[in-house]
Structures are given as structure tokens and as C-alpha cells.
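Please see the structure below; I have some questions.
For reference, chains read A, B, C, D, E and F in written order, and residue numbers begin at 1 within each chain.
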């Protein structure tokens, strides 16, 4: 506790952009069905979709002091990601902090806790994925840490890992795997485009994926 | 496990349409306050409203293989209804399966688990009522069954039962009771139209429903 | 149980209006971070924002009889606030009751339980903050009370207390503290306007609030 | 609602006894991994283990009137099984009802709600599996039904079905399948006795169940 | 926040003892089914049963400083009752605080949060009813208040109110109503003793409470 | 997925023993209030207390195949620690697996899911800390991994990390920090012994820890 790591490595912005284009569900599949944060992490408004490097924040329950510290560590294009050291739904973040973060080029916030001023944040187009919406205030008394590894909504996130987020939720991609995952994800997108057309035309996925034989082997009975 | 029932009976489409017109809250009252699925079943976008015959699916946790099997069993106007054998919020269903289901005339999905690609599903106007939104992927390894009775979000649903769903949630109507329930529901709608006018004019429901005497008998005191 | 208090005191409408203008997060801070209802209380549609005097209702689980009684006690500008005596998510309130309440000048409903007909309520612009949306019906068999103190979503609410509600949730202000809280809240709004401009210009809150020295004292280390 | 079915069929007591001897986990496996009630159903004291025919009760939330009606329908060796029509954790059942039920030969209670007087029930050796322990009282105002099919903790239970319960939870066996399930369960018990000895001696289940080849086929890698 | 009320009124110890003798379920019924704390408040070991005057504590999430302050305010026979200002399950209280409280004559702890060192507390016979058991530590940075009204597990508790607790949970009795409630509770105990005998002898509660006529009026049908 | 790491490093058994002697609450404080698993992880019987090196297992929901694989990787004194890739409460582990694990010298199981045969496991003195008790069965169809880093009940656990568990819950200590943490924990135990005596004699912690001055500075008021 009480440590700020100032210089973290980030993934190549071009790769991050490619991940954003693929979306959460595809990226998650592309890296072998890993990295999803818990499904209780929901966007405060629909339609946001992004990828960004994580500036991570570990905070005590009900204390948002470290958010002020973390904002100084942001580089343009980053996203803030906050995890409390024990479960808490207080409203750690509102429109003043968002104004400051946005002024530093921050893309949004992932928070395993509560957020407030959501009408203002929506008007500002500052996207947040959170566990709760709550105006319940916090204090500024106890230190936490910035840019250390954290467990956020059940997933391990290292500073500089790539966060992909959209209406389906939030997924983390390891910085060092980002390029490989982007390639795999783009390959899936291409393959899905072809399948979508055949399915729309009425072909069954049972035939498209040749599942009938394996289903019969497993013992599926039609009655 | 491992059974697909191919020919199920469905309710008369004309009756199904009448139930859709009445909406969930009215239909639920009309059949004696029974049949509601748990209130955690929420639509992925507001404004959808439908009734349809259920093609039921029983699946293992984290395995969506049977959805591919179930789509072949759809007839135009049906709805898919999925229940896992133990609680699970994984994202069993996304835009490719929706494309395939929609090509078969499917009206939507009721799923006591998670769904993904919700931005795409919204754009496609494919309504889903789910327990969760989650991109967490599933596998295709273990058999389940199609068109068997299932308990979905706390309610028993038989294949061919009528599902009514709107912004208030999801209600199931037994196929053999559908016509009676439709009649009762339509009678309620007519009666409510009259009451709505009187209440809007300022008449109190205490008087409209003649509740004052019974309240006094029970001992209600005004102080 | 079984008591209706008919003449309750209410706060001055001018003060109530000033609280509404400040919004939930600001009012909550202004009164020393107290009075928030639990974060599971969510609006049925976004964008509603109000303050109003509470007509409180204590009800048995699954029984909405007292809502009919409470509507008679409304004065123009009031809000209904309902708490069940044990946890319940049934749909106590729908469009007919809303029509009646709106005809009496009611501003909305706060309900630590379920609400239904939400599409209609949205069309009517009748805002509701609830624990759940559910069409599950209720009965009219058992008495409760109107205008008694209740615990609603974890907060004590006295009849005539001021309820402030918006997209961030619901906050209660004691009637006798309303004027003081309004003053404090307005002072915060003014102060925040200034800060917002400086933060938007890139100034850091670490400097704006002079936090660096106290952080160093507590032992924060930059590495 | 408001129906009491008086003469229900029950399974053969000898078969019921055989199921009790096998225990929940074995019975559940023996019938193909189905029939478990939700894992939140916990015994009020450890060590109870039984099987019995279910007298089912459907009740409104917060109203225990039908329990009094149901007790008259008990035959010696039965178990009471109660499900509310919407979720409720009130304390429906205490030591007076247990005294009465025990006097009629009742073996215990399965309740998807709350129970109270648990110190007395423990002293009486009257086992209960419940969702909650709560002294919160109930009323006697609204009818429910006795001996109708109910969904209890996520599982469908018909009157006369066999309930098996122990420290692992609660499982329902269809009356008409009880004999077959008992046979399968006893076969499992016999087979497990043999396996237990070999495992205790240090043999690995990988070898005992010949899993190594199939694991390799699926691609398991040792590094 | 930041207030310690030093001299609070307490109920007569003789009345408190009478309430303890009746137990939670009976006391709760005797005062008209009110005052129960949420059913998630569970004892750390079975068999404890007490009544005591509450010394109330309002604390920030994750900060147990005020517990040290509250212990000084204890008089022999009191119980500590702690409520966080927002939900928190951290372990605020362990064996050192219990040693200190016990030395001051404290009877136990009611905590809408977590407790730790439960093996030691059990060995010391220091009963605790809590929301959670957790070793997660807390800090000592932020003020709260002692002997102010709090909402604890959904119930309002004033300092000096009587807490009754046993294996069924926790109930609060207003100080000024304690004598009346004790009388009512003792009357119920006496009445129940008689009924228990008749029920044990096989008489049905349907007859004992003369319920048959009213059930028939409501429309109950035997088939 | 599908990887088994065979040779992992473990902490020195002597250090592990010292951590076990200190207990969870003390160890957790000694390492700076970090490493606690979520408070829903509860022991299946009271009184167990241990420390051991973790053999970690990552499994799909509802599939326990990897447990069979993991048992071969155990060395005497290890503990199994299982985390599903998405939330699941199925009963992955019962008495046969426990027999096999115990035959290999395994000390117990930490499982962020369900366990069954708890009566047998209790009789065997095989301790388990789990999220749930459930007899709901699992399948053996899909690969997972053994001895990879996992997030278990909200905490990151690396293979070979030391798990400390008792009635207060479960705490993880990094293998490389184990010796330091043991020293710190032992120092705390010694310090607490002294304090316990003074507190038992009636000294207040306000004085023992010299808190009065800092409380006054923060503004605490006695009224």
C-alpha cells in the first residue's frame, strides 16, 4: 500500500485500435475464453466501445483519495481501472474527476464499485463500466496504490494491460499477448462474416459446423 | 439428457396474438397471479413486447451445444427458452445464433443465463430476456435436451407453452389454458380502460373499489 | 399496523425546489454523506430528477392494499415511498395506481420492492425508483400503515421528509434540516463550477486541493 | 389457488427407505444428475438424513395459513414441502407447528423460505432444510393450495414425489421413478465401496477410470 | 459524524431479563411482528440467547476506530451494536476488542458487517450475531459516532433500545415499550404451553384455532 | 487451457507450520491487510486450522475432470485449490476424491464452488473451505489446467503459494514472502499476548494505543 509506479509500459496504440474494432466477445474468444470481468460490470449508457491501456488503482473501501493520484499518471488514450481491497459499492467517481481525467486524455473508467453523476458523465460521453451506480460519498484518509497488479471483478489486471469494453462487458488482454490476440480476433471476424451470410440464408449451424455426427456419437436421440 | 422431442403441439397463433396484445401484467393477473419468471429476467433493450410458443432447451452450465440443435426445431413464430441445469451466467447466445434463429422465424430468446453481442441483437431487433449480459464464452462438449419440461427462472415451462414478455418481465401460460387466459385478459383490459378514466378524473380507488368498509372492519384507524 | 396519519408537516416547496436543482450527489455530500438509500434502488427510465415530500407506506410482503389508502393522503407535489415489512420484489404498483396518484398531483414513487407497467409509466412520465421490475401480482388482505416512519432500502424515512432522486439514486433529507442542506448544497454547486473549469484546463486535483503534502506525510512513495 | 388435494399417491415405504440409505449425492447421480434443489437450502442442524413422500404447499409471501391446512393431510412418514409464490424469507414455521406435524408422524420440513424456533426444533429432532432462519412473523389472510405441483428452490416437485435430504442438500425423485433410482443408487454404492478401497491404497483415479488416453486425445499437455 | 453521546437511558434490567427468557420469535410476535433485523444476521455459534441495552456505533466502511471509543461507553450488561454507513463485510472486531468489552461487562456484539477470531470468541463465550465472518482487516482513520440512532440490518435502533438475540436472529424492542412487550410476550408463552400440549396430543390447529369456517368462506376447496 | 505444470516450487515446511500456528487474522494483518479470499468461503466444519502449499486448478463450470489430474501432482502436505473459469456452485468434490487426495498426503481443499459428501468429509477430518455445499453433479468433458495462476474468490493464487485457513476464512501468502510474513505474524502474536492481559484487566484500548489525542484532533465530540 502507498506506492505509485510512474512509468509503465503500454501496448502499441495501433494494436489497441484493432482490438477495439473486434469487440469484447470476439476478443475474449480469440484469446481462448479467458479474461472476462464478472458480468455485474455494466456500462452506465449503451453504445460505448473502446480499448485502452489500464492505469490500475487499488483503494480501501469507501476512500477515493488514490483516484486523484492516479489521474496524474494518465497518458492520452489510457483508461482508469479501480479495484477496492474489499467489496464496496460507494460512489468513488463523479463528474469533477471525469472532467480532470478527460482533460488528460483518459478514455473512460472501469470500476469494481460505484460511480455517480451518471447523467453528467453520459452528457460528457465519458464511458464507465461499474458494479453499481451510487451517490454514496467517500473519504480521503487512507493510502492505496497506483499501477500495481489488481484483481478487478474477478480478473487479474496488470498496469498497461489492454482493456476492451463494450455493451457485452469488459475483457482484459495481457499487454504482451495483445498483438497475437488482435490477429486471432481479426481472423474470427473474417470467418464470422462468411458464416453469418450462410446462416441468414437458412443453413443450419448443425450442418455448417458438421455437428451431426459427433452429436449422434454422444448419444443424442430424436423422438 | 440427450433427447430432442421433434413434434410438439403449439397454441393457436390467433390466441397467441391476443395474449401479446394484453401484455405481461394483465395476462399474469388474468390467470390468477401465477406463471411469472423471476424478476431478474430483464430485456436487453426496452420496448419489445411479444407472445410466442416455447421451444425449450435444457443445457449443462457453460455449454451451448444444444442451442444449435434447438434451432432446427423452430417453427416460424416460436421463441427459444433456455434453462441451465445449475445456475450459470455465461454468454450462451450471440449474433450468429440469432441470425440463424431469425432466419427460421424465431421471435426471440428467454434465457436463464447470459447473452452476448447485445449491440448487434438490438440492431437486429432480436429481443432477449436474460439473467445477465456476458461475453464469457461456452463450450460444445456435453448433451442436453430440447423440448422437455424445464424450470426457467423459477417457473415450470413445458414445450409449446405460450411465453408472454415485455418490459415488465416474462410470464408463461399453459398451452391448454391459453384461450381461457386470453379471454380473461381481454376482459380485464376492457374493465381497466373504464377505471383509468375515472381515476384520471380524480375518483379514488378506495371509492371505485368500495374498499372503505372492509378496511374499517379490519381495524384501520385514521389519526 | 393499521394506522393512517392524516396531517403531516411538509417542507417549504421553495426549499424542495432548491434541493431538486442541486441533485442527489451534491445534496448527499452537503448533509455530511448521509441519507442515501441502497444502490439497488434504480429509476425505471433515465433522466428523471426531482425532490418532493414523502408520504410513507409500510406494507406486508405481497399486499398492496395500503397504496390505495395512501393515495388519498397525497397533496400536490408529494411523492409516495413504500417499504415492505420483510423483503419482497412483487409488483405492487402499476399504471392504474399511477393514473390515480398523478391525478392527485403526485410526483412519483420510491419503492423498496417491485413495480410493473413500466412501459406505460414511462409514457406517462411518472418516475419510479424501485428495487425490481416485476409483474408478479399482489393481494389486498392485510393492513399496513400510512405516514409512519419506515426503513426504506436501508435508510430511515419519516413522513414529510424530503426525497431527492435522480439517475444517481435516492437520498432522504430530514424535513427540519432541509433549508440548511439546501444552502450547503448550493454552496457546493458554486464551488464546483469554479473547480470544473480549472480541472478542464488541465490543473490536477492534487494541486487544486493541495493534497501532495498530506500524501507524503502518510507515506506515499513514487517509484 | 385455494385447492386441497386430499388423496395423493405415495411411493412404497420400502423403496423410500432404500433411497434414504443411499444419501443425496448418490441418489442425484443415480438419476442422471437431476432433481437437486438450489444449494441455498441448508439444514438447521447437521447430521439429519431422510427420505419421505412430499406433501406440497403453495403459499403467498408472508402468509402461513396453508401450513395449518397441510398438516391435516399428512400421513405418517411424510415430509412437508413449502414454496412461496414469490421469493420470501419470513419465518413461516416454528415449534408449535412442528409439534403438531410430529404428532401426525411427519419426518421434517423442506421450505424455500424461513423457519424459526430452530433451537426448539433441534431439541425436538425435527429436521428442516430452509432458505433462511428468521423469526419474522407471518399472517393468516390469504389462501394457497396443498398437494399441487410446485417449484421449490428451482426444482419441480409433485405431491407424492420422494424427497431425499441430508447435509449435502435436498433432491427430489419422481414417485414413478423411485424404484429404478433406488436400484441404480444401490449399484453405485456397491461400486464406490470397491473404488474407495483402491483409492485409499494410493491408486490414482486417472488409472482406476482409465482417463489418461482420453485426456491426451483432448490435448492435455504436461510441462 | 464524530459525536459520542455519553449518558444514554437504558431499560430496567429486570425487564430485559424477562425479554431474554421469552426469546426472539415470541418477543417479535408480542410487539406486533416488528423489529426483526434481516435474516442474514447469524450467530457465530449456536445456543447463545440474551437481551441487553444497545450501545450503538455508526462507522465508515472498513474503519473500526469507533469500536475503541464505544467500549468506554459500555455499562455492565450492555451489548455493542455496529452499523456501517455503507455495506461492508470486513472483519471489524476480534478477540482483543472482545477481551476489552468483556472486561467492561459487555454481553456480546450485533454487527451488520464482518467479525473475526471466531474460534477465540467461541472459546470466550462472547456471542456475536454478524452479517459475515471475515479476517479482512480495517483501518483507524475516519471518525464515526457512538450512541446515535442507526439503521442496522434494515431495522432502526436507538441507543438504549433492548436487543433480544438467539438462534432465530436479532430483534429490537424500543426502550419505552420494553415493559409492555415483556408482558405481552409472557402471556404468549403461557398460552403456547397450553396449545403445545393439545397439538402434541394430535389435535389439529385447524380446530384449535377454529379456522375451518373462515377458510371455507374464503373459498378453500377440498378435492 | 489444457496444461499441467508438474514441478512447482513450494515454501519451506517449517515456515508453513509457523504460519499455521499464527492463524488467518494475524497472518493477514502481518502482510499488510492483503490476501484474503472473499468472506463467502466457509469451512464445512468448525475448528480446522492449517497452512499448506497450493496445487491450483482452473476448471470449466460444472466439470471436475481436472481434479483427477491434479491429485497426481500432490505432494504430502499440499492443499488443493480450485477456481472455475466462471461462477459455479456445483458439487465438484466428494468423498471418493477426498479419499484419493488424503492417500497422497493432501491437507484439504479450497474451492470457489460447491462440495458434497460433507458428512463423510467431516468424519474423515478432511477440511474444505467452499463457496457452497451442493450435491449437484459435474461432468468430465472439458480440459482445464493444473498449477497455473488462478483468481480464487477474488484473490490471485500462484501454484506453490501458501494457503492459511481457519474458522475466519482463507488467506494466501506469496511463497517468496512466506518467511518474512511468518516473522511479522509471530511478532504480532507476542505483542497481542501482552495487550490481551492489560485489556482483560480493564485498561481501555483508547489509552493502551494512545488514541485520545488523535481523535480530538480529528474533531470527535463527547456530548
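By our rule, a contact is a pair of C-beta atoms (placed from the backbone, for glycine too) under 8 Å apart; a residue touches a chain by one contact, two chains touch by 3 or more.
Note that this is a predicted model, so its numbers are computed, not measured.
Q: Please report the minimal path length, in steps, between chain A and chain E on the chain touch graph.
A: The fewest steps needed to get from chain A to chain E is 1.
Q: Expressed in steps between touching chains, what is the minimal separation of chain C and chain F?
A: 2
Q: If I compare contact pairs by residue number, which of A-E, E-F or C-D overlaps with D-F on over half of them?
A: E-F
Q: Rounded to the nearest whole Å, what is the centre-to-centre distance of chain B and chain D, using the mean of the C-alpha atoms as each centre?
A: 28
Q: Taking the mean of the CA coordinates per chain, how far is chain A from chain D in Å?
A: Once rounded, the distance between the two centres reads 42 Å.
Q: How many angstrom lie between the centres of chain D and chain E, each centre taken as the mean Cα position?
A: Result: the chain centres lie 31 Å from each other.
Q: Multi-chain contacts in chain B: which residues touch at least two other chains?
A: 33, 36, 85-87, 89, 134, 136, 142
Q: Which two-chain combinations touch?
A: A-B, A-C, A-E, A-F, B-C, B-D, B-F, C-D, C-E, D-E, D-F, E-F
Q: Contact residues on chain B for chain A in the complex?
A: Interface residues on the chain B side: 2-6, 65, 68-69, 71-72, 89, 91, 94-97, 99-100, 102-104, 114, 116-119, 122, 132-137, 140, 142-143.
Q: Could you pull out which chain A residues touch chain E in their complex?
A: It is residues 60-63, 85-90, 134, 136, 139, 141-142 of chain A that touch chain E.
Q: Residue numbers of chain D touching chain B in their complex, please.
A: For this pair, the touching residues of chain D are 1, 32-34, 36, 38, 85-87, 149, 151, 154-156.
Q: Using the touch rule from the top, collect the residues of chain E that touch chain D in their complex.
A: 23-25, 28-29, 33, 36, 39, 42, 46-47, 49, 166-169, 171, 192, 195-196, 199-206, 209, 211, 215, 218-223
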